[in-house]
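Quick one: this structure, given as structure tokens, is what I'll be asking you about.
As written, the chains take the letters A, B and C, and residue 1 is the first residue of each chain.
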């Protein structure tokens, strides 16, 4: 249905959730991302792949406002943004996880979840403790990721796999359209791996968009509907999985030949 | 061109430029208003700035190696100044407030002994272990360390005979220095050190020069003040080293964040400044008159020869440190540790030793800054913290973690302070420097010369 | 018979002992120890002394609880809190003191002659307004740079107290600060003032507890742990930090107002940087992110000073210094072995 060619975006405009137009980011003179224009469709599972240092994480950081971009425009649905503030990403319908798991370490698992759910405006939040709906949602998600028994322990004391799951769960607690997961599969045991895959499939089944970064080509093949390839800070190509992964330039980028 | 435009497109950069332009315009206006006074203020700013630069340099070398703020530096600066007062109390205040406390002497003697023992252990123990028995080494080391501690105790107990007690040390230092320099130069020129004769000649020259100096110093009581500078700088450095080796090493293993180290060293600063008050009482004290304390007239501005000396010390200190960091193996190692301590460890660098030496050097610089500013004005227990903060500000202004930044920032901060209080009273000086800090952090957070 | 009833329903004492034994909790021991010493002190020294001690404790407790909101819950290591304390004290002094009889001798300062209960809200408000401005500037800094700029605030505040003579009389200080009175009822006695302080302490603790147990408090903790992640989840962290900073400063202003009225004399020496560093050490000593810990820390601090008066080998003029040495060493030991302080829930 979707070809690898971004030129066809006009035909599929109703699908395009996030579109970047020429975004550029420099770190001390080195271009981490150079004039990247691409689109992430608003359905299914999209994966962003590329060799180390190709700018995948930087791209995600720019789109979610964690880092400011030097140049370019990000279009989210119909709105264009010169600047994206991190605190506005939920309003844009986006949430994310981080490559290095970033939980609120010295808070309980329960509180980690609750933070995501409570009131965003200052004054009402002072008078809010926790609402029944928040508790219910927290319980539901903690059970879904299998962390319900651990709810009283500090997030910093969990094992790596549990932390990874909790971070995904924390993102899932926020009901938005797009979930961007930075390396959700890195360093997980097979059992945990299956669990995360299931979570992603559940999200897709409920009509959400999942964007994830991964180095594991088997998982990319297995899960994703759409694939975006970056190479050394530049957009290489995008399209359906099998088609893209069999392209000679992608193979060359991966083998470094 | 595009770079320039993108530089100005950022709001904070634009503001930085505007602020700088305003400051320059203000100073320019002041200069045209009364050039003589401006020159005077510039001189004052330079001499104050030299002290800030010294503290900032000591601070920078440590910070850029271990990447936490060591608040002990405030105590080191105060220790430097109070060390001179302690050793020369018979000459200040007409000898009315002479102070010499056996407990203080004992503590410093113990610290010196401990550090010497550690130095002997790291330098010789593993090298000589194959040749001598463990017991011999340990006993010899302990004896040497005890002798060093005893010697330090004697030096501190008889401050009036400083020129006599310290002359052998000066002789030994000069002799070693001469021999080392000759040897390095000889290796550079001749390319090998196979020949015995030049080494022997250097040895003879060095020992001769050392002996001559020792006799000369022992014969000139006027040198006591300058010897006391050396002693108090050395003691401040030794305490710093002992703190690093005895405490920070273990603390850094446990610390989750640099803030832990900051709070712990804050505790050390609190304890030290309280101890200084207990030993010396909280009232401000003068230090004895150094040379060149009479004012000279240069281009219509009155300046003390001592202030020029302070500026010279700062510049020499900067050149020395730059040489040490850029030209020597030691410097390369220090920079390697600053870049990544774990990697340096893996490569086989004994990071503990190198960092300990860095702490020693840093504290010596801080103590030097403290005692020079003490000679310029007066000393009080609070001065340490203030000097530390000024050094910290200077390194932010110049660019944090950068040695050139430290000296440039020190001088600029000194100048800005002086010109800032032109229309105000002198008591607003600290306010001016903290406003400078906040402006810099807000609009120019990288500082003037950012670290690469 | 007896034993069976004991096993089924253990007495309060037994349960208490059991908790002590089972928990093995440093926090609990510290509680028991410090409060025990306080009780012994009161019994030994008589009520007059105990009232003074308790008032000083209340003021320090309000201060340390307010600082804990910023340091422990939000993770901003501010060393400048004494500035707000000073603003409160000077506000109280300037607004209520009667300096007319001194006009001949030294510089004149404006005279308002407000009653205590009108001046106290003004102090709180003044501290809050200053905090709003300061916080807006400080908000962008973090970690060690935050420490540095907060040092800066303390030094600037001290210099203003010392050098703005037209308002503060500089080093002379302001005498005859009023004690509170309601209508015709003068609360000049020490015991009445203590009750007032306790009431304000309870209010401060209540507000703090209300804040930290709310969603707002949870977001503060999240900001402390990882500000960027909190932003990604839609919180405008700047406003949260500013809000808690202002609230905390207002509490410090309240403590300052009480302090000014309590000592009846305000001069810059009470607000030097050192006091601020001591305050931070109290908060860390008592426990980060724990209101109870801050109360404990303040109590220990006050007792430490008074307790040292009874050390035979310590001359009276060195008590302040000796306390400082003890606090400094404790800070080092805590950072080595227990970075969250005695009763804390947040490891630095």
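Keep in mind that, in the parts below, contacts are C-beta pairs under 8 Å (C-beta built on N, C-alpha and C of every residue); 3 or more make two chains touch, one makes a residue touch a chain.
For clarity, every value in this text was computed on a predicted model and none was experimentally measured.
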Graph distance between chain A and chain C, where chains that touch are linked: 1
Most widely separated chain from chain B, with each centre as the mean of CA atoms: A
Cα-centroid distance, chain A relative to chain C, in whole angstrom: 44
Gap in Å, rounded to a whole number, between the CA centres of chain B and chain A: 50
Distance between chain centroids, defined by C-alpha means - chain B, chain C (Å): 36
Chain C residues counted as touching two or more neighbouring chains: 347
Chain C partner contacts - residues on chain B that touch it in the complex: 68-69, 247, 250-251, 254-264, 266-275, 277-278, 382, 385-386, 389, 392-393, 396, 425, 427-428, 430-431, 434-435, 437-438, 441-442
Residue numbers on chain A that touch chain C, as the complex places them: 64-66, 85-91, 95-96, 98, 102-107, 111, 114-116, 118-120, 122, 125-130, 174
Of chain C, residues touching chain A in the complex: 210-211, 213-216, 218-219, 221-222, 224-226, 228-237, 239-240, 243, 345-347
Chain C residues touching chain B - in the complex, by the definition given at the top: 77, 137, 140-141, 143-145, 147-149, 151-153, 155-156, 159-160, 162-163, 272-274, 277-278, 280-281, 284, 318, 320-322, 324-325, 327-332, 335-336, 339, 347-348
